[in-house]
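Paired with subunit B in one complex and with subunit C in the other, subunit A is shared by the two complexes that follow.
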Partner chain A sequence: MTTTKDTTASGNGGDVRLTGIGKTYGSFTAVHPLDLTVPQGSFFALLGASGCGKTTTLRMIAGLEEPTSGTVHLGDQDVTALPPYKRPVNTVFQSYALFPHLDIFENVAFGLRRRGIRSVKKQVEEMLELVQLGEQARKKPHQLSGGQQQRVAVARALINHPKVLLLDEPLGALDLKLRRQMQLELKRIQTEVGITFVHVTHDQEEAMTMADTVAVMNAGRVEQLGSPTDLYENPRTTFVANFLGTSNFIEAEVDAKSGDEIVLKAGGGKLVLPRARTNAPTPTGGKVLVGVRPEKISLTHADDAGGIPEGRNRITGRIADSSFIGVSTQFVVDSPVCPDFEVYVQNIDRDTRLVPGAEVVLHWNPAHTFGLDAAQSLLAGTVGSAGAGTVEEEVAR
Partner chain B sequence: MTFVNWLKRRLVVIAGLLTLAYLLLPNIVVTVFSFNQPKGRFNYEWQEFSTEAWQDPCGVSGLCGSLTLSLRIALWATLGATLLGTMIAFALVRYRFRARGAVNSLIFLPMAMPEVVMAASLLTLFLNMGARLGFWTILIAHIMFCLSFVVVAVKARVMSMDPRLEQAAQDLYAGPFQTFVRVTLPIAAPGIAAGALLAFALSFDDFIITNFNAGSTVTFPMFVWGSAQRGTPVQINVIGTAMFVIAVVLVLVAMAVGNRRDRRKAQKTHRSPL
Partner chain C sequence: MTTVAEAPPRAPAPETEPPRKRGRWTPYLLLVPGLLWLLVFFALPVIYQASTSVQTGSLEEGYEVTWHFATYWDALSEYWPQFVRSVLYAASATVLCLLLGYPLAYLIAFRAGRWRNLIMILVIAPFFTSFLIRTLAWKTILADGGPVVGALDTLHVLDVTAWLGWTVGDRVLATPLAVVCGLTYNFLPFMILPLYTSLERIDPRLHEAANDLYARPSTTFRKVTFPLSMPGVVSGTLLTFIPATGDYVNADLLGSTDTRMVGNVIQSQFLRILDYPTAAALSFILMAAILFMVMFYIRRSGTEDLV
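For the complex of A and B:
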């Protein structure tokens, strides 16, 4: 592994640079021309619903799909015209694609042997140790469990010391518990070998746990790119706000601007939005979407409204529904400015008066408010609208 | 009552044994009569035990010559049909071309066509082309009717193959040729082997088409047919029994090898943790 680390240190050999890369199938555009740079040594996730073009993008990096436009660079090398077997890139396929006629050892040794390396034994054994499968070397793939097969697929790719490891929904076939375990495992391996990982997934939690940088894709475009915290705290579109976690939106009107703050009118009340937390146009009198995450909100019974500190954004409403889920209680609040306001309250001091039907005040620190352009669908990226592209994805395959 | 219960519990086994007996009885008769010493020319009645025919299997003039010819034709026909059939199967599964649908159904026609009609038509064709009947006309005919069977066997296998396996091979530095040899072919091999075995069996004992297109050449099935008119030598049973025994032995050896490999592997994996 040390050799890999050395090359890592020397320059940008493992950068992936996509320039204007796009893919169309007949009249269907799977990927709109996009620019993307994945820095050397990072764990990068392409996140999106099925049909958003993330797998096509990955396959264009691997060389398994020919781009209609644009170029792929690995470091300083233009690999756009190279066939997959000449690219220093390896893939962990969805459903693993292990060779059924070869045992685990030979599966892992495959790439080394094809490059004419004779003494593979030591390397293969080391790699199998890394993924903790040393004792399974002589078994056939079908004799292993799903999680073990997944690790073989990783070992088979990593043994070649690729500049970039591509992972196409590698955890999709595993059950939830195993998936969590493998997420940590993959993260550990990535830290250990220092190779650039590009990970395709539709699971926002998976992307957020593992990746340093996440690109959220929607309908063949990169919607937003950033660190998981950045994407979660500062979503720039309703799609991102809804796809990563849950968001509440209030349609508001710009009332006044003072210093770093924008004062908004919503319903009868006023809300404060920090200027730094919106990139939407905010002319006085214009519309803005105000967003706030459910866990940032405090819930106080209307009788205690006087005790709420000054300077917080507040909204009144009536609890429509509550569900206790252990660590927190999730409330749905019916308010004049937003019909289904979601609020997650930690179960520290439970107020027994907070039951459906109770009049409440929702309040939060204005710093937790973000503003979005009002000219977009509130429902983009929610569960109902997510699977629209599924059919096209199937065609694309 | 107890007998009925006993019967109920073993009904499946009994039915199975009866079916097996039904299947194997003709083979047993062939074997038993290979040790007969018939009076006269026909080997249809049991007379007395003798190993005479086994000691001199080629004792009947023309028999072993026809056998060698049949084996030669069967081997070449298997080779030709397997090669062509495998390529057709891959083409049909992997590529989208204009006449694909038509080819897909046309390939089955030779299986559906009554053999005797096909035989007669082939003869017409050969005669019109001025071909000399013999080894080559037989071989061409055999490859033709074996093809469909090979295509069916190989196609089923290739269709069930995950295309991602070949993509994975390419991703792991295997060029198109290496991918084919190291991944595609080994995975398709059971289908190809099944097709080849089928082709060999079909070609070896084909009588109707061969009889029409052989000219003066005599294959083993034709020899048996011809001699049955005048009297059946015991040697025919000897050859039949030998073929049967060889097939059974081959199957047993294949099973034994497979079992031993599995067991050795299991031992290896058990030992390694220590």
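For the complex of A and C:
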């Protein structure tokens, strides 16, 4: 493991730089020319629904797919024309693609042997130890569980000390509990070896828990790039706002601007939006989409409305539905400005009056409000009820 | 309460019992036709031949089981050259089939794309014609003074093959080369089909993974594709080698008296010389030899899970 650190420390300037890289299949554009820099040593996630071009982008870095345009740089080296077996990059495949005729030891040793390294025993054993599979070295892949196979796939790639490790939906085939466990495991390994990880996933939670930087992709384009908190708190499009978590949107009109704040009219009331939290054009009288996350909102029964502190954004409504899920209760509130307002309330002191049909006031700190350009679909990036499948319809449109 | 709860399941119980019993016997019932077939057309003839091989007597006086095992020794000592020749020809044909069939099977499995079905049909198409007619066609193809022989002669290939003892003079027909060519041609599909099935089953991602792990295409083939296609190689070579060893049509139509294989000997012993014990003994020696070679081969190639 110490050797791993040495190699990465010596490989300075190991950023992955994609410049104008694009891929078309006939008339279909899988990836629109995009620029992307993955800083060395970071855990980078490409997040998007299936068919958004994230896997194609990954495969172009690996050399398994030839880009139609643009270049791929690893550090200072232009690798665009290099075949995969000459690139200092390794991939963890979605289906693991372990060699069924070789045992675990030989699977892990494969890359070392191909590079003509004779004494592989110590390295392979160390690597199997790192992924906690020391005991399984002489088993064949089909004798291992999905989670173990996944770890073999990681070990087989990592042992080569690649400049970049590419992970193509590596946890997709695992059940939820194992997936959570492997997320932490992968994160631990990445911190331990310090190699750049580029992780492709359609699971926004996975991307947010693991990655330092997330690039949200949609229809062959990078929609937004940033840290998980940044993407969550400051989505720039409704797609990002909906794809990462849930957002409530209110269509509002710009009423006045004062200092750092923009005052908006929505329904009968007024809402305050910090100027720093919008990149949409806000001419007075123009339309703006106001967004707020469900967990930022407090819910007060209409009878107690007088107790709400001044200076908070507030709207009124009636509870349409509520579901108790243990740590919190999720309410759907029917409001004149937004028909299905979602509110998550922590179950600290439960107000028994908050049942469907109750008149309520929703209020939140104006700092938690973000503004988006009104000229876009409110439903972009919504994941329907659960799966990401509906996004494809959005993409097709 | 309990009686009420118990009553309903008891009523349908006798109805569900018989089908379950019948279900248990179904697998055996399904085996019966096949087993009968094997008994009548394989086991009984084998036993009959075994008894024939240890009989003595003559056609006029009739044959009698005298446990005369010397027939085996006599047959082997007289006809061992034909045995050796059979194995040699069949082995050459198998190797040629593998060399010709592997690239084609690889092409169909990985590169053919939408042409895959067409090429498969072309591979199987010869089966629509009789084995005999196809072999006779080779007689025309390899005929003396024909275009093939003419071309080989011009290119001085015949000088080389004649030097190796594969051809005689400026002829191809009636030489070992012609027989091996005929065997190769006739058994090629039996090589290609199992090869194709085992190649086609290889996950193309394994090629990508090998490529990703620093294996150039040639290494990928050596370390991944070929080992994974071993079941196909083993079954293909067996399906070619076994029938080719016992074949007599190719040697008969394309060969000469100098290229007689053990199949030709058995055929003439049975049908022309009418020495049934020797013919039966030869058949048994051939069967034993093939069984022995196949077992050795499977052990060596370490492929327990054929196909």
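Going forward, the second predicted complex is superposed on the first by the 372 of 397 C-alpha atoms of A that agree within 3 Å, B and C clash if a C-alpha of one lies under 4 Å from a C-alpha of the other, contacts with A are read in each partner's own complex, and residues count from 1 in each chain.
Please note the rule applied: a contact is a pair of C-beta atoms (placed from the backbone, for glycine too) under 8 Å apart; a residue touches a chain by one contact, two chains touch by 3 or more.
Because the structure is predicted, anything quoted here is derived from the model rather than measured.
> Have a look at subunit B and subunit C on subunit A after the superposition and call it: clash or fit.
On the shared subunit A, the partners clash.
> Applying the document's definition of touching, compare subunit B and subunit C: which contacts more of subunit A?
When the residues of subunit A touched by each partner are counted, B comes out ahead.
> State whether A:Arg350 touches subunit B only (first), subunit C only (second), both chains, or neither.
In the superposition, A:Arg350 contacts neither subunit B nor subunit C.
> Quick one: classify A:Arg275 as touching subunit B (first), subunit C (second), both or neither.
neither
> Should A:Glu135 be classified as contacting the first partner (subunit B), the second (subunit C), both, or neither?
A:Glu135 sits against subunit B, while subunit C stays out of touch.
> One more residue to check, A:Arg188. First (subunit B), second (subunit C), both or neither?
A:Arg188 sits against neither subunit B nor subunit C.
> Have a look at where A:Arg115 lands relative to subunit B and subunit C in the superposition and call it first, second, both or neither.
It touches subunit B and subunit C both.
> What is the shared patch of subunit A, the residues that subunit B and subunit C both contact?
62-64, 83-86, 89-91, 93, 95, 97-101, 110-111, 114-115, 156-157, 160
> Contact residues on subunit A for subunit C in the complex?
62-64, 83-86, 89-91, 93, 95, 97-101, 110-111, 114-115, 156-157, 160
> Spell out the residues on subunit B that touch subunit A in their complex, using ranges where they run on.
Residues in contact with subunit A: 162, 164-165, 167-175, 178-179, 182-183, 186-187, 189, 265, 268-269, 272-273.
> What residues of subunit C sit close enough to touch subunit A in their complex?
203, 205-206, 208-216, 219, 223-224, 227-228
> Could you pull out which subunit A residues touch subunit B in their complex?
Touching subunit B from subunit A are residues 62-64, 83-86, 89-91, 93-95, 97-101, 110-111, 114-115, 134-139, 156-157, 160.
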